[in-house]
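As structure tokens, here come the structures.
Common to both upcoming complexes is chain A, partnered first by chain B, then by chain C.
Presenting the complex of A and B:
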């Protein structure tokens, strides 16, 4: 193995770990921010807003993530020059925004109708009914599926390597092109994903168990 | 006009779509039976057996599909095994699907209550016969909805075959883009094709699921 040790491979591939984490965290946070107005529009009384939200959510989820990344990186770059990392962040944020909006929508829909009626009976304004009574409970319901979505976002972030973002997979490919054995290299990459993903999925199960104790659904 | 170009590119993209669909079908043929086996083994009475398969499933669910594709595509030739890109993709994606579908099968099997087992046991039906004639048919009904959404995800992820040059929809669109430098136009068309199929089939899937839920 001409002087390649497992330690150097680990540190070489591990150099991409921080980018993978940045991709996951930033697009999860940005996606959550995008998801709020989308979920509000999706549950609105106005039909136009509802259809608009359904259209945006369906298109974001219907086009495969890889195709989104290629459209943003190769398709839009003649207009606005984008580096791979911002392009990937935009794409993954859009996609996670759409998935999280569906989670938030399910959260809002699953708050018991009686809660809103009770708030109304107490004379709260519609705005207060939503933000003080419905929304806090909806967040609790939406939390477990959103936490488990974070795990799949971590794996989706690997697609960013295809447009040249220097994440774990990209660094692994670099090591292979330098002559390291591919099976070993990609096994190390897999181990790195598991190192982040397993704690994350335990955390999502923990969130689920906490919320289960707290929330009364329909 | 963009539509003239779309009409010009459409035949090539539809040919790619055919490969994407064939890929999805082959992956389902590998991944679903394998998933059923893994699902059964992960509910096995023997604890060691159960643990081994649960670990296998968890590991495969935790690794990005792209890592599995690259591992097989770049790794197998050094072991003296050369497969076409299409077959490599079917194996990698099939293994990936088997891990996801095993969870669905397992949930489906656990969904059939213990009363059913007790009922066929008291009728003197053997474990094996009872499993295939009583438990499995009921589990299948619970499984169909989630399985359809899994297959839609498989169709979407088949776009990853682009990275190893299987000539499916994304590859075709990208190579047209590379030739004409009209990446946006051609990729947008590919995106529309993917979206139409995914949106339509997920509508069908949720209809079917709704109908199964309310009973026949």
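Presenting the complex of A and C:
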């Protein structure tokens, strides 16, 4: 165990921390962007769009994230020389897009129907009814579950190490292969996840308590 | 004081509405004169809300037509265009039993929103007008509050101001005080009485018989989708022609 101390292990494994954070943040943001058109299609009057959205959402959520990452990495990288990190970002963004779309959809459905009626009765166009009255309240309703989804996304990001993304787990495995004790190494990895995850959980509870005072639901 | 003019402002011509096999409205015709206040009373489930909602097409009648100020509202009443719907609703204001203020906006923004989105006024003009209306309903100091910080009676007065902001030609009220305690209902009823005195044309679905008696020019009793009784408050309340009217009035007055 030459040259192995808690400090060097922390800095070695910690080198993966920024990649873990990038995986989580980028997939969450990209997922939120993807989720908007998906949620709109999901609540559309057009049956074709609705079915299409349901299909995409169910497939994205139904296949385990690990399997998605493997399919995307091994399926696409031979074609266009895709690196592990972008492959993981694509996979995690698609998955979080599907989850967040369902949150937005539930948000839209749970805005009190009197809200849309009041907007209609005021002579707002259907576009204004949606974007100025329903959507802001739907986003408020969708925020708490979405913030708590960010915590699961952080944990799901660990699977990216399987396709070679140099995140916390990847760096941890590297240390183990160099002879560091596995229990110690993965405990340090756990501490690093908690370092990000616990503030995130607190933040999501905070969002929840703020939003509860801001919306009226059915 | 009767502000009624001779001009027919709103004409509902044989409005029917069915939900599947349930015929909720069975051909209701009504001429509303400019400045007239009509109280619509009747037992629960009679179709009062449905009728009111057919007048601004929140509910689409199964058959029947509407004219506003002598003009056909829809080229084809069974297939109204988006533009026609929006135009109708800008001329016909509505106040709901459950207020339905927008919780994500301040009181002022609630009143400003439709004015600016409809292109009626600039933001500054709309805000000034909103302040004037808030003063009219007795709530000038609530402009920056959120609806959730206002009492039920205050919320309903704000909802009235919000509807008035579009300068509607006629106002529809669907049981505006039914969700409120009696003392609080009075502050809303006072605002409505003041409004009637300005000459606003109003149709009010209500169980407040004293309000109907004092403020309405005409009382309609709706029962099972038909107008059962119609006349001045005095006629309907003291001299009803139908046995069912007597039963209904007795039940309401004994509550």
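Going forward, the second predicted complex is superposed on the first by the 217 of 218 C-alpha atoms of A that agree within 3 Å, B and C clash if a C-alpha of one lies under 4 Å from a C-alpha of the other, contacts with A are read in each partner's own complex, and residues count from 1 in each chain.
We take it that a contact is a pair of C-beta atoms (placed from the backbone, for glycine too) under 8 Å apart; a residue touches a chain by one contact, two chains touch by 3 or more.
Because the structure is a prediction, the values reported are computed rather than measured.
Engineer: Both complexes share chain A, so when I overlay them there, do chain B and chain C fit or clash?
Structural biologist: Chain B and chain C fit side by side in the superposed model.
Engineer: Per the contact definition in the header, classify A:153: touching chain B only (first), chain C only (second), both, or neither.
Structural biologist: neither
Engineer: By the touch definition at the top of the document, which applies to A:141: first (chain B), second (chain C), both, or neither?
Structural biologist: neither
Engineer: So in the superposed three-chain picture, is A:74 touching just chain B, just chain C, both, or none of them (first/second/both/neither)?
Structural biologist: first
Engineer: In the overlaid three-chain picture, which partner chain does A:98 touch, first (chain B) or second (chain C), both, or neither?
Structural biologist: A:98 contacts neither chain B nor chain C.
Engineer: Which partner reaches more residues of chain A, chain B or chain C?
Structural biologist: Of chain B and chain C, the partner in contact with more residues of chain A is B.
Engineer: Under the stated touch criterion, which partner chain does A:207 make contact with: chain B (first), chain C (second), both, or neither?
Structural biologist: neither
Engineer: If you stack the two complexes on chain A, which partner ends up touching A:59: first (chain B), second (chain C), both, or neither?
Structural biologist: Only chain B is touched by A:59; chain C is not.
Engineer: Considering only touches as defined above, state whether A:115 meets chain B (first), chain C (second), both or neither.
Structural biologist: Once the two structures are laid over each other on A, A:115 reaches chain C alone.
Engineer: Looking at chain B versus chain C in the superposed three-chain picture, what is their shortest Cα distance in Å?
Structural biologist: 25
Engineer: Considering each complex separately, which residues of chain A are in contact with chain B in the first and with chain C in the second?
Structural biologist: None.
Engineer: For the complex, which residues does chain A have touching chain B?
Structural biologist: Touching chain B from chain A are residues 58-59, 61-68, 70-71, 74-76, 78, 151, 155-159, 161-162, 169, 172-173, 176, 181-183, 186-187, 189-190, 193-194, 197-198, 201.
Engineer: Which residues, counting only chain B, touch chain A once they are in their complex?
Structural biologist: Residue positions touching the partner: 58-59, 62-68, 70-71, 74-75, 78-79, 156-157, 159-160, 162-163, 170, 173-174, 177, 183-185, 187-188, 190-191, 194-196, 198-199.
Engineer: In the complex of these two chains, what residues of chain C are touching chain A?
Structural biologist: 56, 58, 82, 86-90, 93-94, 96, 98, 100-104, 113-114, 117-118, 148, 159, 162-163, 166
Engineer: Would you tell me which residues of chain A are touching chain C in their complex?
Structural biologist: My answer: residues 112, 114-115, 117-126, 128, 132-133, 136-137, 140, 213-216.
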